[in-house]
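Two complexes, one shared chain (chain A), two partners (chain B, chain C).
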Partner chain A sequence: MGSLFRSEEMTLAQLFLQSEAAYACVSELGELGMVQFRDLNPDVNAFQRKFVNEVRRCDEMERKLRFLEKEIKKAEIPIPDTEDNPPAPPPREMIDLEATFEKLETEMKQVIINQETLKKNYLELTELKHVLVQTRQFFEEVQFQSYPLQLASEIAAEEGHHIQADSIGLSLTAGVVLKQRFAAFERMLWRACHGKVFLRHSEIDSPLEDPVTGYEVQKCVFVVFYQGEQLKSRVKRICEGFHANIYPCPENQAESQEMILGVMTRLEDLQNVLGQTQEHRYRALALAAKNIKVWFIKVCKIKAIYHTLNLFDLDVTRNCLIAECWCPVGDLNRIQQALTIGTERSESTVPSILHVVESNLEHPTYNRTNKFTTAFQSIVNAYGVSDYREVNPAPYTIITFPFLFSVMFGDGGDGIIMALFAIWMCVFEKKLASSAKNNEMWGTVYAGRYMILLMGLFSVYSGFIYNDFYSKSINIFGSSFSTNGTTNETIRKNLFVTLDPNTTQYLGSPYPLGIDPIWRQSTNELTYTNSFKMKLSVIFGVIHMLFGVSLSLLNHTYFKKRLNILCDFVPQVLFLVGMFGYLVFMIFYKWLAFGPHNSDVAPSLLITLINMFLLKPPPQLLYDAQRAVQYVLVIIVVLCVPWMLAVKPIVLYIQNMKKQVRKPKYANLVNETEQESEPVEPEPDQKEKFDFSDVFIRQAIHTIEFCLGCISNTASYLRLWALSLAHAELSLVLWEMVLRIGLSMEGYVGAIVLWGVFAFWVVLTIAILLIMEGLSAFLHGLRLHWVEFNNKFYVGDGHIFAPFSFEVILDDKED
Partner chain B sequence: MATATVVPIVVVTLFWFLVGVVAPFFVPKGQNKGIVQLMLALTAVCCYTFWACAFIMQLNPLIGPTLSNSTLLAIQWNWEGNYANTVPPTY
Partner chain C sequence: MSISELYYNVDNGYLEGLVRGFKGGILRQTDYLNLIQCETLEDLKLHLQSTDYGTFLANEPSPLTVSVIDDKLKEKLVVEFQHVRNHAYEPLSTFLDFITYSYMIDNIILLITGTLHQRAISELIPKCHPLGSFEQMEAVNIAATPAELYNAILVDTPLAPFFQDCISEQDLDEMNIEIIRNTLYKAYLEGFYKFCQEMGGATADVMCPILAFEADRRAIIITINSFGTELTKDDRAKLYPRCGKLFPDGLAALARADDYDQVRAVSDYYAEYRLLFEGAGNNPGDKTLEDRFFEHEVELNVYAFMQQFHFGIFYAWVKLKEQECRNIVWIAECIAQGQRGKIDSYIQILE
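On to the complex of A and B.
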């Protein structure tokens, strides 16, 4: 059972590491993952620590790596998932890594800038091409040789002016503007130039890529005709304001054709260059992608090592680093080995020393778990990490939690489905592990796969005992009730017939496995099963709580607190057994002693219990000596309360008085020895002070909590009944209202309807019965463990052992 | 007590005794020996108690089931093979 029964024995150790060997040793310890370092420089600022420069360099490297990763993702190159775990490289390799990253980063940045420039040029040329093409179209429509003048006279003719062609000095400006802005552009031109400009435009069909943002935008070409310098400058400024690009317009068709050809060739060249740049970038990134995961791991490890080295204390005189760490006693050999390997790797002459130290600081709690027990330990830890060397409730939880779940779930059919689901998860563990890391909800279910398996298997068993499989009972052995003696007349005259167990209608021996299947066919089933389930809940509750109290005995024995055994454990047991142990006894006695022959005198147990505490005589006797026994029990139970309340504080007070009497003689000696205290203990011992009121109040709270808690906790276990009732009723509804309708239809139509009804039934079963009820029973089972069971013995104030382990750090990084 | 009562008691008790008391001795040595022994013992205790409660409760039933007359006929017809009551079952 080892460390799961109690947390492992931990010890504080001091490490003396040579400065050169420190890095390698810490690297080895990180791979081992068995030590938790303490911070020996708590009041030093993060920027004043010794290795702050190295950490900064690591941060720089990480930044460069992230930049590279982003570029790789943008180029959509797949990053292979490497399974290997490279060790942390020595410090001199760090410089090489830095140089590599620097080179890659500058190369990438250069490539990006080049690409941007090239794309801008490409855009300009494309726009120019469009401008040329569109203006050619404009002028071709008019079919004149010399464009501006002819057009101007045409315009003049439209407007009714007579202008001499020669004296007109019309200029034009051609450009490209965003389509969205064109309307505003047009209006602005009209207003600013008082309508003395002529604007023609046409859209560019294909969208163009904006080099800066990378988005595609729609643009249109425009041509503005105007006269005079003033208008020219105004037009130019408006164009600048609307971010319209202006391009030179050719004078005649021949020039236009030449320009177009020139532009086309330049565009082609640019395309080639762009393609080549893209390929070069892709190749460089692909090369980097192969190694990037390994680099990330290496940099992460280097950074972790330097962070840890920052926690150490530097002893300048002896040129060594002193570290303090918590480690499990059982692993001291492996740690020593790791230190030796580290020292050898760094080729240092001075060996590293591990020195075990005694300490009164709170030891961390470490429980060694495997893949099966991890889930159970984690639900215990979720409530509270156990104190150092306290009894750990986890190993019992492995069985009691799925068992109590199954008592609440209680359906064999749903249990089979749950178990199959869990078997699938467990068999395909390795394949599902990677997908479980990405999704949090699925990951939680996957982490609890062994728990779900146990829950499912126990639910199948409880399905047999409750005889409930999707609300149907199965009749394996033959019912123990028979319909002997019911005549034809009885059947005809009465709608309902009750079988009488006092006659031969009860065959004398009960159904061998679980509840008789005839009860499912009867109308008074609930009366019978409710009584059963309620009594079952109380029985299980009392057993579970007694188990909890007896675990506290183990704690008291281990921590050598004999006073607690006498003043806490014994009265608690007497109280619990006296009240509810007696109730359990009465349940069993009534089951055994009262039968169909004396069913009219069977007393109600609840009334009996209440009357017992009101000291009233029981109306119907369960057994002969009942009055006397009950009186004695009540007296014992009532006496337990002051016993729990007062005895311990008084004894502690007397003990303290005796100590005070002895103390003054040795006061001086005590002061002297305190000055020689070890450097490990920063806080002075507080145990000497004894506050009677504090102890008394604490004891009073414990007593009240236990006594009232006994009653409320026993009642709380009735949720075992309540949830199984809810589940049974829900599955009954699903059968009666859904599946039965489908099954009772006949013919071909019935077959199709059944197909649909069955699908509906399956969806409802999974959603309501499995998921909702499953979660509900899980939660309530957890609550029973956390509150009713744990508060009988568990303190749970410890802190968990968090070792320096690369595996843990890398796993956290991945999230 | 009738044979039909004693047989289940003996069989089930023997089964859980084997699981909970005998099997822990045969757990192979290893790191998890203690946990497996504890699991077997706890399972046996819990499951045996569960079965025992159900069994003891039904030893001396104080009430009997109330059946509708159609269900009663169906039980006579299907479970007991008793076709004496010639009233045909109406579902």
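On to the complex of A and C.
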């Protein structure tokens, strides 16, 4: 578990893989997920790399799989969610896979084409049916209107109509057009034919299916009457332009009846055939659906392997691939093992070699986490990934974060709800895992479940200290105040009192844990708790910051920077302790030295601190040697500033001067020749030129930041008090304004009202107190860690270790 | 700052952000340097995958053809444009519609020319630019004269006001079609120019120079192309859009020009056009005048992104994207036909 305090020790390693074994080895490493490969040919284009053809074949396979998946989804066949994780298939299996997919795709395409033609036929026939039915209606209407007298005899009417139509040479075109295009179609007909056509239309009630897209579309039947050949061709062209399907339309009713019958039978036949093709398609797809997940994983793995192989350097003469990778030192054995397995699997005779190399490249940061620590580590990483082997704030965050949160949240009742919710998530974490993947918001909450658990538990603790449960206090030990004899009675009856510890009300021994419940009834409650919480915030803040500064000592000793200890760490500690450590001391001293009897002569700490820096004598003394102690402290604090500011740059400057003197003049020449002969290693440009002004300015910024930061950060910790006050007041408001109304009513009506009021109170408590206030306390806690704590020691300039791992790749793909 | 600028971000802020994002995805010089090294169209596809185009070709079966690439490029632009258009408020929506009009004009002319050469409409439709397609487009072939074209088809389209100068009872022959195209374009450019001027503010500041250059370019190209045809000088003068820098003196001079050198002499009076003519030539290694014009257009469009609170970026984005499509298609053609010598003649857009 040492790696939680610092990031894992990493090393650069070279792999020499026989070209026939490379594929299997990389596959094993991908399953292991412990190495991060470096790109050895960054100048080479994506399409000029060695295994680009294989990658392309994988692309093609993925395309086919996507096509199949689309068809499966269209047919609404469920894809079984298999948990099995097949290993990457050997390269020769790729050809089999390709052949399988090819066959499936062509088969599917064939089926689709067949189905499309069938559907097209079907559509045409349906349209024709509608045209026939609708046009008959038109004609019947026409007969009703123009020949009411001949209605008696149907045959006569029909003949009359016929003669009529023939005699003036009317011809007609009937067809079907998309409903949304009909208006434009009608207008165009009118304009292009100068109003010399007669158009009737009616909508088809049932939507038709478009054979290509499969969408449902609304269409219209229309009949155009016109005279003459010229108009005919014009109408035809317009129909063509609007994608209207034209159908032959018999003018004779008997004929049309016959046609309708014919169409009907053909439709039935087609329906049968369509059903069969549909079934065939369904069967083929159902078969594919079973395997498609596994295929996707296989292809994805092959592709990932070839992508990785593309990063490698090819050594033609020795017939092997050279790879460079970062790996954790602790895992070298497992990597070696994976390589051996890979080599054996590919039946290669020459073993693959792992060769650790020294490197002055910046190492990646790798913090091993488990499900408990992940959330805390990610809070730290969100601020900045730590430098290689720098002190990692995550383990301390595990305790300080929930603690500071609870100081702000500070309600035992809400804490219990929060803890129960977190326990539910932790107990059912396996079941909930899949639902968390699909929902980002819920996923975030789920990922932080252990953190929420701690936050809830700590809040319960704070609730006991503040004695605050849904704005009520719990009277466990019996109050230590006596007002008119019966204090506990007062608490029960909720009477208001003013407490004065200086009178006989105080029984002499304090309440054993947290705040005395009687304060809840007291009119001077706020004066009391404010002073308490404010001082508490300052104490926590100073301790937290001091802890941060001492962590920087661990960094300095680890990286062997003695100069930093002397010129940064020591003055920083003195500065912080001299100024705010003294304040904390005074707070405690005042608590201990002044009791109720002499509290009216106690000096104000704020005034004392200000006077101390103005070098004024304090009006009231806390203790005897106060003036001398304060003078010494002020002098130390003031001296710390130039110490931090100037000493380090000057020392560095002197060291640099000495080095230059010692170095012979021709040293440069030697260095240059060496560099020329050895261009393989990335330029060891660690020793950059010393620039005094640069160093000085950096140090000045650092000093100013620290000194001003100490003051503003201490003030910033007062948010602990402010937020806990806000939470307490809000929950008081909810109690007084909502739940008390329900509780104060009596009888059956009161019970019903209470039922409604309680529901309202619960909703408000969860929405405002738990979620809103919880989020706000969370954010402020984050800020206290990122800004106030981290800037005392944390550089956070590293880059994270991103190993080549199938698991990660497949997870990404699913998203 | 005028009122419209105060409210600019309320109405168009989202779309502007979107378009600036799209502009960030325009290929840069390094991308082109990679593209021209490609050996096959598959290489091209592989490289485009690493750019903003992403997987736009991923679902195309091999082997790729240039026309597939072209279609997909256009489709992507159109999808983006339609998204922007669907979210646009007045007056941005009208402005965006104005952009599509030029494509509509091109489509109409394409269809009429096609039918004149007895091509089937269904064969011509895929060649039309999808940005300029409109409902009545496919019925264009019923028109035999410009008057019919107007009365039956264009009267319902937004192009109707531009067409009023072209109505005559002549037949549609090739010469007339060209005249119609240029007259339409002239009316369109002048209309667009006026619209932008009325918008005022930064939109006018940015768009007017771009449209003025477009007008002048058309005037110069029309003049050069008219040498050796039946077009009379009077008719030619009627085709010049009158909203550019050449108006009025330059256009008058152009109207009198008889050969290329005289056109060039006219351009000498205008500093930026002189520069364009100086760099152009027909010798191998020289850039053609057209390319020089394209380069200048790209430059103007890139400048449009320097200012905020105006609609010019929408126009500039469409035009730059279009140029990018032309570039990619050019490179793809060169690769497909093995003409690697000419592969460098794409127009660079961003550094």
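The rule we apply is simple: the second predicted complex is superposed on the first by the 642 of 815 C-alpha atoms of A that agree within 3 Å, B and C clash if a C-alpha of one lies under 4 Å from a C-alpha of the other, contacts with A are read in each partner's own complex, and residues count from 1 in each chain.
Here is the rule we use: a residue touches a chain if its C-beta (ideal position, glycine included) is under 8 Å from a C-beta of that chain, and two chains touch if they have at least 3 such contacts.
Computed from a predicted structure; not experimentally measured.
S.K.: So, does A:Arg56 touch the first partner chain B, the second partner chain C, both, or neither?
M.R.: second
S.K.: More chain A residues touched by chain B or by chain C?
M.R.: So, of the two partners, B touches more residues of chain A.
S.K.: Looking at the overlay, does A:Gly514 come into contact with chain B only (first), chain C only (second), both, or neither?
M.R.: first
S.K.: Touch test for A:Ile238: chain B only (first), chain C only (second), both, or neither?
M.R.: Once the two structures are laid over each other on A, A:Ile238 reaches chain C alone.
S.K.: When the two structures are overlaid on chain A, which partner does A:Val224 contact: first (chain B), second (chain C), both, or neither?
M.R.: Touch partners of A:Val224: none, neither chain B nor chain C.
S.K.: Given the touch rule stated above, what does A:Met425 touch, chain B (first), chain C (second), both, or neither?
M.R.: neither
S.K.: For A:Leu499, using the defined touch cut-off, is the partner it touches chain B, chain C, both, or neither? Pick first, second, both or neither.
M.R.: A:Leu499 contacts chain B only, not chain C.
S.K.: Spell out the residues on chain C that touch chain A in their complex, using ranges where they run on.
M.R.: 34, 37-39, 42-43, 46-47, 49-50, 58-62, 121, 135-142, 148, 151-153, 155-156
S.K.: What residues of chain A sit close enough to touch chain B in their complex?
M.R.: For this pair, the touching residues of chain A are 1-2, 4-5, 370, 373, 395-396, 398-400, 403, 407, 461-462, 465, 475, 478-483, 486-488, 491-492, 494-501, 505-516, 518-519, 521-525, 527-528, 532, 535-536, 539-540, 543, 588, 591-592, 594-596, 599, 602.
S.K.: Quick check on the complex: what are the chain A residues that touch chain C?
M.R.: Listed in rising order, the residues of chain A that touch chain C are 45-48, 52, 55-56, 59-60, 62-63, 66-67, 181, 184, 187-188, 191-192, 234, 237-238, 240-243.
S.K.: Give the list of chain B residues in touch with chain A in this complex.
M.R.: 2, 4-5, 7-8, 12, 31-35, 37-39, 42-43, 46-47, 49-51, 53-69, 71-73, 75-76, 79-80, 82, 85-87
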